[in-house]
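Letters A, B, C and D name the chains as they come in the text, with residue numbers starting at 1 for each one.
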Amino acid sequence: MTDQTVHATTVAPAALLRRIPGVTFILVGMIVLFAVGNPRFLSAVNLTNIGLQASLLLMLALPMTLIILTAGLDLSVGALLGLCGVVIAALLVAGWSLPAAVAAAMLVGLVAGAVNGFLVGYLGLPAFVVTLGTMGLCEGLSLVITNGDPIGGFTPVLEAFYRSTLFAVPTPVLVAATLYGLLSLLLYRTRFGNYVFAIGGNKDALHLAGINANLVHMGVYLLCSLTVALSALLLLGRTNSAHPSVAVGMEFEAIAAVVLGGTSFEKGQGWLFGTVLGVLAISVLRNGLNVLSVEPSLQVVCVGLLLIAALLIDRNRKQASRDIA
Amino acid sequence: MAATPAAETTAPLLRLIDISKSFPGVHALRGVSLEIHAGEVHVILGQNGAGKSSLIKVLCGAYLADGGAVEHEGRRVAIHGPADANAIGVGVIFQEFSLAPYLDIAQNIFLGRERAFAKAGVIDKVAMHAAARDVLAQLGLHYDTRAFAADLGVAQQQMVEIAKALSQNSRILVMDEPTAAISERESERLFEVIARLKQRGVAIVYISHRMKEVVALGDRITVMRDGAVVASYRRDEVSPDVMVGAMIGRSLAGLKRREPVPAGAPVLTVSNLQTARLADISLEVHAGEVVGLAGLVGSGRTEVVRAIFGADPLRTGTIRLNGADFAQRPDRSTRAGLALLPEDRKREGLALPLAVGENATAAALWRLFRRGWFAPAAADKVCRDLIARLNIATPGPAQIVRNLSGGNQQKVVLGKWLAAGSRLFMLDEPTRGVDIGAKTEIYRLIDDLVQDGAAVLVISSELPELIHLCDRAYVMRDYRIVGHLGRDALSEKAILDLAVQQ
Amino acid sequence: MTTMDTPAPASARSQPLAPGTLAIVVRLGLIACIGVLLSSLSPGFATTDNLLNILRQASLLFLVASGLTLVIIGGGLDLSIGANLTLCACLSAAAIKSTGQPAAGIVVALGCGALVGLTNGVLINRVKIPPFLATFGMLWVAQGIAYWFMAGQVVYGFSPAFRFFGSGFWLGIPLPIWVMLVTGACGVIFLSRTTIGREVYLMGANEAAAVLSGIPVARRRTLLYVVSGLMAGLAALIYVARLNAAEPGIGEPLLLPAIAAVLVGGTSLFGGSGSLVGTLLGAIILTLIVNALNLLNVSASWHPFVTGVIVVVAVLADAAVNRGARR
Amino acid sequence: MKTRHLRRIGLISVVACGLAASPAFAAGEVIAAFTKNQVDPHFEGVRAGVEQMAKKMGATVRQYVPTKPNNITEGMSQLEDVGVTKPNLVLFMPIDPKAQLPTIKRLIESGTPVLNYNDKAGDAPYLAFVGQDDYKLGYDIAKTLFDHLGGKGNVVILEGIKGSNTGDERKRGFDAALKEYPNIKLLASQPANFQRLLGLQVMENLIQQFSDINGVIAAADASALGAAEALKSAGRGNVPVVSINGVPEAVEAVKNGSLLAIAEFNGFKIGCVATEIGLKAIRGEVVPKRVVIPGAVITKANHTEWLVPYQQRTCPAAAEYVGQ
């Protein structure tokens, strides 16, 4: 310690351990508990169920992680998911081909992402407000397009795709896993990923490094909205019909999953894999409560308690590690 | 990255000609001309608001100059953005670091230039970390490049900044008050690095308030005032007095020590205070005294005043005010007559988006309106009185604090505590980022306070300031008080001897 | 140096409209425009009955949004207000039913609201959970308790004395409007004429500075969440009295409209700025728009879309004004 | 720190094991009963009917209700999860038939017997369908109102949730009745989503828009009760309001005159009969494929039967309705 400026800061294994969010403990606890409560909980069928139920939430929560890393938020993902589903379904029913309909949904996602990204990235408006607005717009548009009626009777290909498996793994799980792989490559191995952390941590620094930080910022929202537009295919496959408000509210669950996974709302601190853990925790809880046939009203309470308990653990651990330091 | 031989000092590397920049209502720069030579340290001196920051921003492409030209090695260049500045080798180390807290050292060093390590868009992390270690090694540093910037100390972050600039082959390195937030010891380390850089032919533009550094480092010194260059010297042709004179437009005698006031009864008695980091802190401040809390940055000075104020939890120890115990909570401390002027006034001292009036009465609402009913007229009057008493340059209490200069902002923070009727003032770096004019006024105010029987505990990294102000001082190292210096023993050397572990 | 020596010029008073005042004026103008437009398009609009109808609907929205406004000005967020309202409504309705005393219902509703608010405050202050998540968690907990308590039933049928709060008139004006005016006035006085109100702005603008100015921020914040909970409790009473029933689904659909009313009212989610008058106008604008669409025979499917447009426009306009003011 | 976690996890485990264990000890068949939300008392009627009949026949019931009212994806997840617990009988009502049909088909294919009740859930090999004819309920109640009005006047309709089978069928019934009464004029038809507050506010606005409303048809009790409140506070309490369902609160409103009449959509009976038919089917008896319980029109004259709380009612025998 004689020369503190030269002294190397090392990444201790403890630091890695510290990254594991508190929800992991709860997740493990829940799995043990549910498995004891009903041995079928760990059956292949049920694991498939959990995977299927988690995959759509994961599709929203993963890009949401990137947005939260930029110290932002996207409340519009649920409504946008619904809107893109409605657009695809309506166009399919109107006789468009699947690729054309998907392209149209991507366009919708592009516009939504561009609006969010421009207002947040370029104009610096608070993301909560901006995306709350676009959320209203998307939900409203879905209602206007459908006039409130669900749209069904389109090609069964989507459902078949949703229900297909590869090596006994459901395709949606593979899709979500692929997205995780791609995003983690993007986040940890590319320039774009570095810039995402930099925007949340110090956007000016990125600007001064000669990078068009606003564009990157907008790009994160675009990426999110485009992913959401593609996820609409999974949603359609799952529900076999398009409802204007089917996914409204999922944004809050996605955000909760991200934060459960240890990603902070500030400074670009976070971990993509934590989001996977957060999504799993929510999905396992819901599935397990069903498998154990817990009374419906208690299920509602349990969701709230999961959130509070996980954050409580994180808080305690953070305090403990600070006390040691 | 190869070392460039020291260039001819006769031909300037970069020449700024007649640069001007104005904002609505303000001429930030008026026809500034400057020559920057390779292998030289060019110090820019000036009070706050003299235009130094604007100049840097023009240099690094953050501002677009309204008029004037820039010549790089004799050729006209245009700086339209950070990319243009990078292209001619300008690197800036700002006071507020441009590091992303949750990127590691290597990622921070090469932020924006990852392409060099990318294969098909994927970054080769091994190569990047190796390169980062190389750059740091050139500065004689051996950091673990996987550490997050968030886990580094201020000085270490600064070194990473320098490494970052160096890795960009910066030929011109601009440093904005680099020693403002680091200890003397760390400053020495920095000066060594600067010397190394000079040898390699890097031109350094060094901005500082500290005359000692200016004299020690500067090869060429330019003084700015009101957005214009008032004088430019070579080091050997100028004395500190002349430079200060140029800065403030008149000659100022060196700082004399403040006349002591007869000390009264003890106001603050701290014994055996211990917190998560601090150990064994005992000190006493009497009425009519200015007591210094000296030590390097990171030695625990700020933590002591925060703990006394109740902002951080205590483990053990007693704190008495006028002989009585009081609850260690900021609201109770305030009501008991304690005042804390925090180190970082923008983050902790002021609500920047609110008005001067709202800020000035923030700590005094309980005292001015004991029943809890707020009267705007009364608050307005209190605020106008403070503005007059402290000579705060503002159009009125309704002015948003963000729009004031640093010195005037600091006066608002002080005014907050005057309004609260505090009897013990704990001032953490009261003159940081404050121009000389405001500085003298703050000194005068401190003097007034003790004349009036209040007690003052001052933290400062500027030793001359401590010696000027204080009747005596405690010196800290590693979160402990390691010594006490009475009025006669108080000297820069004495403080440094105690503050730096031998 | 010259500026330093000259004392502040006294002309500072005669500066242009502060952004806050401007925002209020703009909103009043907007309401007037919609009003003029509608009365020319639809004869049914400019009747006393219709205007009172709009105000009565707005009053319910305002009551929910008012507590939220205070919380947001203080730098927080309360997503649990809707679920809190549900819980208060269910518990108080049951209390009135079982005791036959409206007073019991009032006590239970306010007590329950305050308790949920207090829990929010503790989670945020003590456990340091970000407000967004703490109140989101409480949303689920309160909703779940309401479901459990009601077990699928509806509590209905109250004495006229209690129903007077929701459907009565005084001086020809529906009582909810009076409640809105009285609580609004109290709120405005609280924010502008009490030291605590001033402290709320300070802590919203810069929490750290507020703490170091000796403002007991944690207690103030808890107070705000308790007030927000109390407002949810009060709103619950009015809702129960108005609907003559309590069911576990009444509160949840109110959350987003309440946030929208706050935003349209010009309160910044960054904290430290905003006003209850703005929220009142925001609630009126949102109600007015739906009323207008109805009178113009626009399909109900368009309501959410148009509301979304209004929110976006309001936010963009405020951002533009603030940018202008900052320059 | 670790012990604290362990203690916490331990506590949670104990609670959850208790929750898990309770149904496991009960004897007889396990019935999984689906309802759409925990808000509408109609579904409480269904649940009460199922519980009563199951108890009578020695079976155990597990209730599945989405945590968010009428949430389609949650309803689907619960169906999938039920596939894991393998109950002996599933009583299923769709939140959305199109969305849930494929999942329910797979559940049946995996060997779980499913009975469809309350709402039609598309075409799948169900044990049976037990429900009521929403179209007819809509038609009957509209006619009741129109006759009350003497065959002429202006009416407004408060629709249900668009796209729900129940809502659409009822609306179709209203429209069919309208066609038969040329002198009845439909002023407006707006969705009130079976909700009370929406019923109240939509009605408030309609009152402002039309000064000459003679009658109101609501697709469900909650929105009808809201509308009746709006009319009463506008001093138009004499405008007759009719609705469909017949939850005790609404029946009381018929008793005191706030509502004119209700077409009986009896969740309790549906629950009872569905459980009886379903249990009989899995116990090997031959059961009818389709049981439609007729709905009476509840008026002041005959309302007392429906005032009884669900828990105090007695299940009718399914035989009463078979063959009707």
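In this text, contacts are C-beta pairs under 8 Å (C-beta built on N, C-alpha and C of every residue); 3 or more make two chains touch, one makes a residue touch a chain.
It should be emphasised that the depicted structure is a prediction, and the values quoted were computed from it without experimental measurement.
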Each chain counted as touching chain A and chain B at once: C
Far-end chain from chain B, centres as C-alpha averages: D
Separation of mean Cα positions, chain D and chain B [Å, integer]: 70
Centre-to-centre distance between chain C and chain B (centres being mean Cα positions), rounded to whole Å: 43
CA centroid of chain A to CA centroid of chain C, Å: 30
Euclidean distance of C-alpha centroids - chain A vs chain D, Å: 34
Multi-partner residues of chain C (each touching 2 or more other chains): 140, 144, 147, 151, 300
Sequence positions of chain D contacting 2 or more other chains: 38, 67, 191
Chain B residues counted as touching two or more neighbouring chains: none
All chain pairs that touch each other: A-B, A-C, A-D, B-C, C-D
Residues of chain C that touch chain B when the two form their complex: 1, 3-13, 15, 18, 192-199, 201-202, 205-206, 208-216, 272-273, 326-327
In the complex with chain C, residue positions of chain D that touch it: 37-41, 43-44, 47, 67, 69, 188, 190-191, 195-197, 200-202, 204-209, 211, 222, 225-226, 229, 232-234, 247, 249, 252
Complex interface listing, chain C residues touching chain A: 79, 123, 127-130, 132-134, 136-145, 147-148, 151, 256, 259-260, 263, 268-270, 299-309, 311-312, 315-316, 319
In the complex with chain C, residue positions of chain B that touch it: 24, 248-249, 309, 311, 329-331, 333-335, 340, 342, 347-354, 358-359, 361-363, 365-366, 369, 372-376, 384, 387-388, 391-399, 402, 407, 416, 420, 437-438
Contact set on chain C toward chain D in their complex: 42, 44-45, 47, 49-50, 53, 56-57, 140, 144, 147, 150-154, 156-157, 167, 174, 239, 242-245, 247-250, 252-253, 290-291, 294-295, 297, 300
